[in-house]
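Each of the two complexes below includes chain A, the first together with chain B, the second together with chain C.
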Partner chain A sequence: MKFVIQRDQLMDSVQHVMKAISSRTTIPILTGLKIEAKDDGVKLTGSDSDISIESFIPKEEDGIINVEQIEPGSIVLQAKYFPDIVRKLPQKTVEIESDDHLKVTIRSGSAEFHLNGQDADEYPQLAQLHTEDSFEIPIDLLKNLIKQTVFAVSTVETRPILTGVNMKVEDNHLDFIATDSHRLASRKIPLEKSSSQLKFSNVVIPGKSLNELNKILDDTHDNIEVSVTENQILFRTKNLYFLSRLLDGNYPETSRLIPEQSKTIVYGNTKELLNSIDRASLLAKESRNNVVRLQTKENNQIEITSNSPEVGKVVEELTAKSIEGEELKISFSAKYMMDALKVVENEQVKIEFTGAMRPFIIRPIDNDNVLQLILPVRTY
Partner chain B sequence: MNTWAEMNETQPLVSKMLANSIKKDRISHAYMFQGAKGTGKYQLSLLLAKSLFCKNRLDGDPCNACKDCQRIDSGNHPDVHQIIPDGQSIKKEQILHLQKEFTYTGLESNQKVYIIVDADKMTTNAANRLLKFLEEPSKLTTAMLLTENSQAIIQTIRSRCQIMALQPLNPKTVEKKLQEQGLSDSSAKLMAAMTNNINEAVEISEDEWFANARKLVVQLVEVLQAKPDEALLFIHNQWMPHFKERDQLQQGLDLLIFFFKDIIYHYIGNENAIVYINLLDQITQASMHWSRQYATHTLNMIMEAKRKLDQNVHPALVMEQLTLQIQR
Partner chain C sequence: MSKWYPKQGRVILHVDMNSFYASVEMAYDPKLKGKPLAIAGNPEERRGIIVTSSYEAREKGVKTTMPLWEARKLCPDLVVMRPNFERYRSASKSMFKILSDITPFVQPVSIDEGYMDITDCESLGSPIFIAETIQKRIKSELDLPCSIGIAPNKFLAKMASDMKKPMGITILRKRDLDEKLWPLPVGEMYGIGKKTADKLNNLKIFTIKDLVEADSYQLKRVLGINGERLQNRANGIDPSPVDPDAIYDFKSIGSSETLPHDTTDESEIKKLMRHLVRNVTRRLKRKQAVGRNIQVMIRFHNRKTITRSIKLPDYIEEEEDIFSVSYDLFNQNWNGEAIRLLGVTVQDIAEKKDVAQQLDLFTYEKDASKEKLYEAIDKLTDKYGENPFKTFKYEDDQEQPRTSFQKDFLDDYKQ
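Coming up: the complex of A and B.
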């Protein structure tokens, strides 16, 4: 293998794939970074077996030549040293060459490094692209979907399947659902292209992978292609591939959890509500489960209280836009409520209650596709 | 050990059972390979893993040439997880990592294998964690627990595995093979008693450290007979500096065991079984000093000392106690 490459381009790619490489891995080869040279460009791969990131540097892009003198081949290099070497090389171009004995030479100007590589055959083979089960959505929308659901995944490993986000595609709609069995966050969007054959329901992406993906992607309107294989999911932008393994198991059926009727509906200002719950939770934080209580009153008044006997209590009244239905007293976790309100992204919010012991739903006033469900806390 | 036929030479029963279950596609979800050192537990587990993953399987045998086979041999296969004791024991965190690994789908296929080496070294915590997913295996998961002592593994785990007992190798065959490798009669006999692994035996016998260890054991026995008062001094000045690590000391005690065993063999007239054939004089002399009953008693004490070493008792204290007990 041999090629000559622009150092800045290479550095960019290396930085991307390094995000997937972890030094604490049980599979020795994964401490390395795979470099693969093909006739049309150079591909770098990093992986910690949960997520894998591939970055492709095309030979030529917009008339600018990135890579020259390509002789195809592949090699795995120690990720501990390679990035620092590339960063500190003196010249704008870097020549990388490997021989049959897995020895790699990195040349730039007068500097010359000789590294011991590893056989690229030893590297895990990542799933090839399956174009049948794929769809495209804009990157910023995907980031939004992730942001609005991933916070609700479970952090305890007792039910591992709940540490992931359930992705469903049905009737041309894409649905993200996350729950930790105390709350549920869901977001639905219509898919642009009419790919009506496309349907899958039991795809569960680990929350950690989605957080990582969210960090890597830039906020742009470009499209990202999402494809699902039997055991992996692939997110593909132009030159960056992000692969994640899926969680094994059946995701619980969540649609039945969402109450269809409501007894009390409160319309209010999102920000005001969020701030007042934030204030009430200042005292509640100290007590074990961070519980605040909400009570509806006459004249569209809501009273939010919190009482921790050792510390003190707080009472706050705020005016809702309107309150429909029965009177209500309900207690819930302030943290869950705040998490839910933060992602509503609308000035006005609609909260539907079905009694003090039943779950309630939070939605932005104009959009039925965002849904946050919270289970109340029983207090006496 | 690259094929089941090769495995059949040393472990006919087990390899036949496994080869048949592969051919009939009836692999159990968990195996426990139990057998003395050198009986090929690890090779067996790799062979089984390769047979499960290899795509060019021929009549149950892996091809040993494809990427899957090669990566299993080099420990780089992403869907084969090996757990090796971290220091003295297998820790809870190692099993936790495994547990997390198994909530995910496989990286390349949905087939997954985990191999736990020295499974008896699991802490109770780790064992109980393992139990949880040993109980509810997913379809394509195969567990292999390797151990020299299956009784040291908690009953609840044992009952969930298919136990495969590997038969100990015949010391005579090992001895013969070692002689073919160019070892002298006396060291071939000793090595055959020490280990069942031919390569390891050759390696040890060429080690200078081991030669010195052998000398020290003979010296210790002489000191114990002639100048028992200086035994403690000998332990501190000569013995401990040489046997620095715990497993080195274990080996030293093994050598000591052979000597006392030889005394007993000498008493009962089973001269063929004697390991130190070049030390017959010393053995005869020692058997004048120690009665047969006393030698048996001493063997018990050495075993006890070995057990204490495993339980993290300070090595110097173990040796001091042992020599005091032998003197008495």
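Coming up: the complex of A and C.
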């Protein structure tokens, strides 16, 4: 195997596949990074058996030559050293060559590395997905769906299914739902044509996979293809192949837990509210539970307070755009509230409360397809 | 001004029950009096070790923590009983009640000992008279023997109560130190266990007098801050107050148990884990507390012991939650080797009233159904101050605690 490649292109691809490589894996060869040179380009593969990523660097793209002098072949290199080597090479181009004894030579300018490789035949074959259950959405929209939901997944393994994001497709809509049972984030978008027969409800993608995918994907309008099988999901763009295991088990039905009527509705400025909660949480952060209290007052005033006996307390009043319904006094985690407000993506926010002991709903004022739900805190 | 009470300084009593469990059994069944009696964990299994024994048994060489078979060899007519914690608990409660009749400044240390600060009890008589009164009352009302130490601080009172057993009353004044305290080996000093004693011996410190004269810098280097404290105590200085609430400052609740035989049987391990978690949960509930750190201890067949803990994002209190976290933690850290002992401890504990409860999406309906009640309580609280209602405490006294280190059964001696 031999090829000469643009270092920047190679670096990008290496960084992508590195997201899937873990030094702690039960299959030793998976600590390595697979390089495969073909006539049409170079493919890198990384996997920890939960996530597998392939990144392809075409020989030529939009008239720009990325790879030259290709002699087909493949090799597996230690992922511990290869990325740093590529990053620090002196020239714009890199020559990589392997011989029959699995010795690899990396040349760039006058620098020359000799590494011991491993036989690529020993690298596990990635499962090829055969499924009709696929749809396409723009990459930037997918990134948005991920950003608005994935932070709400559970970080503890007490209920493993909740460490994932539930992806539903129904009535030509795609819905992402995440909850750690203390808050819930959901985002729904209409799908484009041709996916009307598609329907699935119990697809649960590990939060970690979506976080990695989000890091790799560039913010573009290009489409990404999403395919689902029984236990795996594949995200595919022109040059990227991102395969993740799905979580086992039934995702709990959450829709019936979301209150439909509200007793108090607060309309306000998202940023002002966020900043105010942020300030109040300064004192609450260190104490046992980062709790702030919100109380509605007359003349559209909201009072945000927080009291940490050992530190001190903070009171702040802000003016809501309007307050409808009953008076309300409610306590909640400042962190959950800030997480939710950060992804509202609208200047104005609508918060619907149904009492101090029931979940409340945060939405951008103009979009019912974004829903953030938070369970309050009961102070004894 | 009485000649018995110092103008400055304090008068502290340390009341120490003599072979408490055995004495309680003898009070319960007077036929046992005068017989060598031992209380042992589980007479038929390996964990059957002597928890405590009567003075008659001690004369034959029976010692606490000795395996049962060894004790029986030394003392063939030994009467062995299982512990009846309910009896000990109730005797303990009555005992502390007698102490608290003298002064509210009673600090229980364990089920069978406590400190009293009687500095302000001049009107009741001299310290000796008070000690005699206590000793007599405990003897006549509960038929139980105790030893009492009288001293200007807790450390000396503790050392004094140890000097004459059973039924002793010992006064230890600062001027008595070089005669009564300093000749003792350092290992006899309260607060010095075997390990510390070994370290001190390595520094050629063998008696408490040696400790007094030791280089404080060197002590600090070997024992840290504790070195300084021990040296102060040896000098008769111990400023720590008698704190009636000290017993309520709890940071962890744990339970551990040795298996009757080493095992790799997962269902047996799971069963023991369930049992331990049940113990811990019961005590947590009795405290009305919640915790958010779970520690699991595994001792293997070769005595190698590991402890692993996990910090949780939320406080938990329910048996199911504690069990699932503990069992996960166990499985993540068990290498499959045979196990001798298992322990579960809930740490980072807080009283429920100090903690806000994060409601849960899947269970909030249950809590919300009490909303009206809570609202009413809030209103009354606003009106009358602190919550006028309390939920009934979880009580389950049929179950017996398993270690003598538990302090939670002292909670209610004042009530």
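Everything that follows uses one rule, which is that the second predicted complex is superposed on the first by the 281 of 380 C-alpha atoms of A that agree within 3 Å, B and C clash if a C-alpha of one lies under 4 Å from a C-alpha of the other, contacts with A are read in each partner's own complex, and residues count from 1 in each chain.
As a convention for this text, a contact is a pair of C-beta atoms (placed from the backbone, for glycine too) under 8 Å apart; a residue touches a chain by one contact, two chains touch by 3 or more.
Because the structure is a prediction, the values reported are computed rather than measured.
Asks: Looking at the combined model built on chain A, do chain B and chain C fit side by side or clash?
Replies: Once chain A is superposed (C-alpha atoms), there is a clash between chain B and chain C.
Asks: Applying the touch criterion given at the start, work out whether A:201 contacts chain B, chain C, both or neither, answering first, second, both or neither.
Replies: It touches nothing on chain B or chain C.
Asks: Kindly classify A:249 by the partners it touches after superposition: chain B alone (first), chain C alone (second), both, or neither?
Replies: In the superposed model, A:249 contacts chain B only, not chain C.
Asks: Let me test your reading of the model: by the given contact rule, A:331 touches which partner, first (chain B), second (chain C), both or neither?
Replies: second
Asks: For A:91, using the defined touch cut-off, is the partner it touches chain B, chain C, both, or neither? Pick first, second, both or neither.
Replies: neither
Asks: Is A:220 contacted by the first partner chain B, the second partner chain C, both or neither?
Replies: neither
Asks: Contact-wise, after the overlay, does A:157 reach chain B, chain C, both or neither (first, second, both, neither)?
Replies: both
Asks: Based on the superposed arrangement, let me know which partner A:376 touches: chain B (first), chain C (second), both, or neither?
Replies: Once the two structures are laid over each other on A, A:376 reaches chain C alone.
Asks: If we overlay the two complexes on their shared chain A, which of chain B and chain C does A:184 touch? Say first, second, both or neither.
Replies: Touch status of A:184: second partner only.
Asks: Could you point to the stretch of chain B, among 76-84, 148-156 or 274-282, that collides with chain C in the superposition?
Replies: The one stretch of chain B in steric conflict with chain C is 148-156.
Asks: Let me check the overlay on chain A: which residues of chain A are in contact with chain B and also with chain C?
Replies: 157
Asks: Going by the contact rule set out above, which residues of chain A touch chain C in the complex?
Replies: Touch list, chain A to chain C: 155-158, 179, 181-184, 252, 254, 257, 288-289, 291, 331, 333, 355-359, 373, 375-380.
Asks: Taking the touch rule as given, give the residues of chain C at its contact with chain A in the complex, in rising order.
Replies: 312-314, 321, 324-325, 328, 350, 352-362, 364, 367-368, 370-371, 374-375, 387
Asks: Would you tell me which residues of chain A are touching chain B in their complex?
Replies: Listed in rising order, the residues are 26-30, 49-50, 121-125, 127, 157, 160-161, 163, 206, 230-232, 245-249.
Asks: If you look only at chain B, which of its residues touch chain A in the complex?
Replies: Those in contact with chain A are residues 67, 70-71, 74-78, 81-82, 97, 99-100, 102-110, 138.
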